[in-house]
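Each chain gets a letter, A, B and C, in the order it is written, and its residues are counted from 1.
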Amino acid sequence: MTTPWHFLSLRDVDSATWQELLAQSEILSGARGRRPLLQGKRFGMVFFNPSLRTRTAFEVACSDLGASSVNLQVGGGLWSLEHRDGVVMDGPHAEHVKEGFAVLARMLDGLGLRSFASLSDAAADARDEVIRSAAAASSVPLLSLESAMDHPHQGLADALTVRRKVGERAKVVVTWAPHVKPLPLAVPHAATLAFAHEGHDVVLAHPPGFDLDEGVLQDASALAEAAGGSLSVSHDRDAAFDGARVIYAKSWGARGDYGAPETAAAAVQAHPEWIVDAAAMGRTDHGVFLHCLPVRRGVVVTDEVLDSPASGVIDQAAARLDVQKATLCRAMGVTA
Amino acid sequence: MTTPWHFLSLRDVDSATWQELLAQSEILSGARGRRPLLQGKRFGMVFFNPSLRTRTAFEVACSDLGASSVNLQVGGGLWSLEHRDGVVMDGPHAEHVKEGFAVLARMLDGLGLRSFASLSDAAADARDEVIRSAAAASSVPLLSLESAMDHPHQGLADALTVRRKVGERAKVVVTWAPHVKPLPLAVPHAATLAFAHEGHDVVLAHPPGFDLDEGVLQDASALAEAAGGSLSVSHDRDAAFDGARVIYAKSWGARGDYGAPETAAAAVQAHPEWIVDAAAMGRTDHGVFLHCLPVRRGVVVTDEVLDSPASGVIDQAAARLDVQKATLCRAMGVTA
Amino acid sequence: MTTPWHFLSLRDVDSATWQELLAQSEILSGARGRRPLLQGKRFGMVFFNPSLRTRTAFEVACSDLGASSVNLQVGGGLWSLEHRDGVVMDGPHAEHVKEGFAVLARMLDGLGLRSFASLSDAAADARDEVIRSAAAASSVPLLSLESAMDHPHQGLADALTVRRKVGERAKVVVTWAPHVKPLPLAVPHAATLAFAHEGHDVVLAHPPGFDLDEGVLQDASALAEAAGGSLSVSHDRDAAFDGARVIYAKSWGARGDYGAPETAAAAVQAHPEWIVDAAAMGRTDHGVFLHCLPVRRGVVVTDEVLDSPASGVIDQAAARLDVQKATLCRAMGVTA
């Protein structure tokens, strides 16, 4: 079979596709996004993890475009799935991703999969095995709904939001934030790659020990350079915030602590001063505050900042609907 | 923004709206309720608790009217939600209702929320904090799918069912019933308010110690009086049933036992003679038996009564579809 | 009320209905299955157990045919359901199947129910009480999505797949396979009944002690004979496979071990040589390998066989969409 268009990572997206997806997102954000462009098409989603925005935006995108959608939740009515090759399946998993996605691909015209990082094996997470296994099994396009390594629809929405709110090359800070437990790196990866694609001057700010995946950083640097921007890493939060136009906050765990949950939790609780508060925002150039949501108030960001006019998080989430319409249309071979 | 039409409690509904909702329910119960009046609209539901009738009726109402629906289940694929103001979110909840409902409101044209009473803090339940917090965050109409204090769609369906089965001012008994565990007061509140709106002679029958919320009782008295009816409370089950045209059974817990689960369970098991059986129904004037469902056979009501022609519970549940079409249309600004 | 068309078991289906369902399945597999034949109809499913294929195929079948669907999951947002007659419901179950299905039947035009065998009480399982109770309560057609005793849609898809891949009367082996835990008998029952309906020469191969239900075997024998085929049972796996055109593998537990989980698990692990491997397939006459899925790789069948061109499991699963469109249309009174 011809390889279908899978959308798994912003690292795989070339410049023309990137620009086209964002252009289509804008077109589909209006009345042209509420026409039966995908009449009769069916989209199916498999979630290994919770979702509010991603699932709702895809279900609404489908109905707005005349398509239908099916939502399957592992642990909520779906068989438990194995993804490793060559294993004897005598453990808890009743079905292999190979059969599961091959079957779904025969009933549906496009698929989505959410599978978070294990946070126990950094090397396995870096291979993004679950979504890669599903993509190999699927004869129809597979869209990432967030995998261990990337969250490409979030990155698209982030880029679109900054286009709408800033509209030009700008200093954009992706800043680590405190949390109560270690979280995956998919979102900071996606945001960094997205702002690199856009040619912003991206500053990745985090305490020592919280480095992102090296391969992602290399790709993001190359993308930023090609787009006329830059990527730098800083451990100095104040310097990073100085004059920034966008503050993109997100917590993530230290990869060195994978497999050691207590150490990992202590590490993300060890820098409470990295909370985004009004003083920090005061260093920026009328900076817009962004976060992918869900966000923990009083831990990642103060209520004062989140409830201020500087916060763009609701607009950012709403942009998910626009970009997901664009990837759905591309997956189904339709141009708006 | 303009405040949207939220439908949270029958205490907030004026007489004209009440009459209009019931009139629209009748219109929408027939062929006019299976036309694309809401074509292109999207309705989203968030359930903190289980549902059969409410969810099914809204999903079917949407498809009958040409709208689409999204169903999100807390603990079943949705993030756990915080609703309190000003707290540091370092506990189990990943997302605040403020962000959750603000985001959903950007993707959907109407929302619904089910959030049962805590049964641990009577004062907090009386403030109905979860649904009030969601309503404040939502820029689109929010419909209660049952909150701590009220279940307004159930009340509408109850009133519609009595209109259909009795058709005139009548003695209507809302009677407490035994159970195995304490249940919330939302349904007896809703039924009492609904029958008060209708101007029936409402008798609320329960053993001592099972008083409903005082504010609800005051409002229900005022509503009954304004509508030409009456509201009284009785601890004498037999006297209450004498000559009644409608027996509306429901169990609920004693608010004085909130926070003491074992005491509360013992209290609802302490009056097994309040089960609605054939002897009790024999005291009525050809009384119709109603219950909101789900109902525990042999505990709340005998099989004999529930399986008799006097039971209207299936018609009552079916009326949910009609009234939920009416509130959906009102929320979307459409008159049938 | 007139008894609606319930589709609960292949034992209840007469020859004309069987042939018509398969003929309609073929018609509906093409463009005629993607037209609004069921416009405005609503189908509801209740799952007591997980599902991937059944649920997805019904949701897609509905959208392809212009109908809407509702999916309810016991333990995933639906009340826990009691099905026994005459019990005092003072245990964990909040609602009786009688009310649940009677209400759903008032809001929907067709229903489906999945309720697996208990594996604890063989006699109760043989009575198929849950689905029979639901059928008695439903005023609209009820389709089995797999019950304790049968999985009729799977059997239809199995028969259709063999028609497509073999196309003539053939030796078809339904073979027991190893597993890690005991599984219900619904699928081997359905496959045996389906191939009997088709007039194949059915060989049921299993180790001693794994007999299927006696009543099912009697009915299957009668069906096979009436259709010009045959049914035999063998404990000799190699002899069974010799010259077979179809190998249908499935594990199931020994009914004698019901209620003794450890003994039952040991029993299904005691015959690892019954795994379907290349050597076994080599005994067949270019045999097609079938399995209903989900399947445990390396336990039931080797990767080598499952990934070979002889494997028809994905086509078999895809056929579920065709046959479920046929039963939906029949349930709704529509001929394609």
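Rule of thumb we're sticking to: contacts are C-beta pairs under 8 Å (C-beta built on N, C-alpha and C of every residue); 3 or more make two chains touch, one makes a residue touch a chain.
Since the structure is predicted, the reported quantities are computational estimates derived from the model, not experimental observations.
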## Note on the structure
Chains adjacent to chain A and to chain B under the stated definition are C
#### Entry: Equivalent interface positions on chain B and chain C, same or different at half
different
### Summary
Distance between the CA centroids of chain B and chain C (whole Å) is 39
### Message
Two-or-more-chain contact residues of chain A, please, as numbers and ranges.
### Response
73, 76
#### Entry: chain A residues within the chain B interface of the complex
34, 47, 50-53, 55-57, 59-60, 63-64, 71, 73, 76, 180, 293-299, 303, 313-314, 317-318, 321
## Note on the structure
Residue positions on chain A within touch of chain C in the complex are 40, 42, 44, 68, 70, 72-73, 76-79, 82, 86-91, 94-96, 99-100, 102-104, 106-108
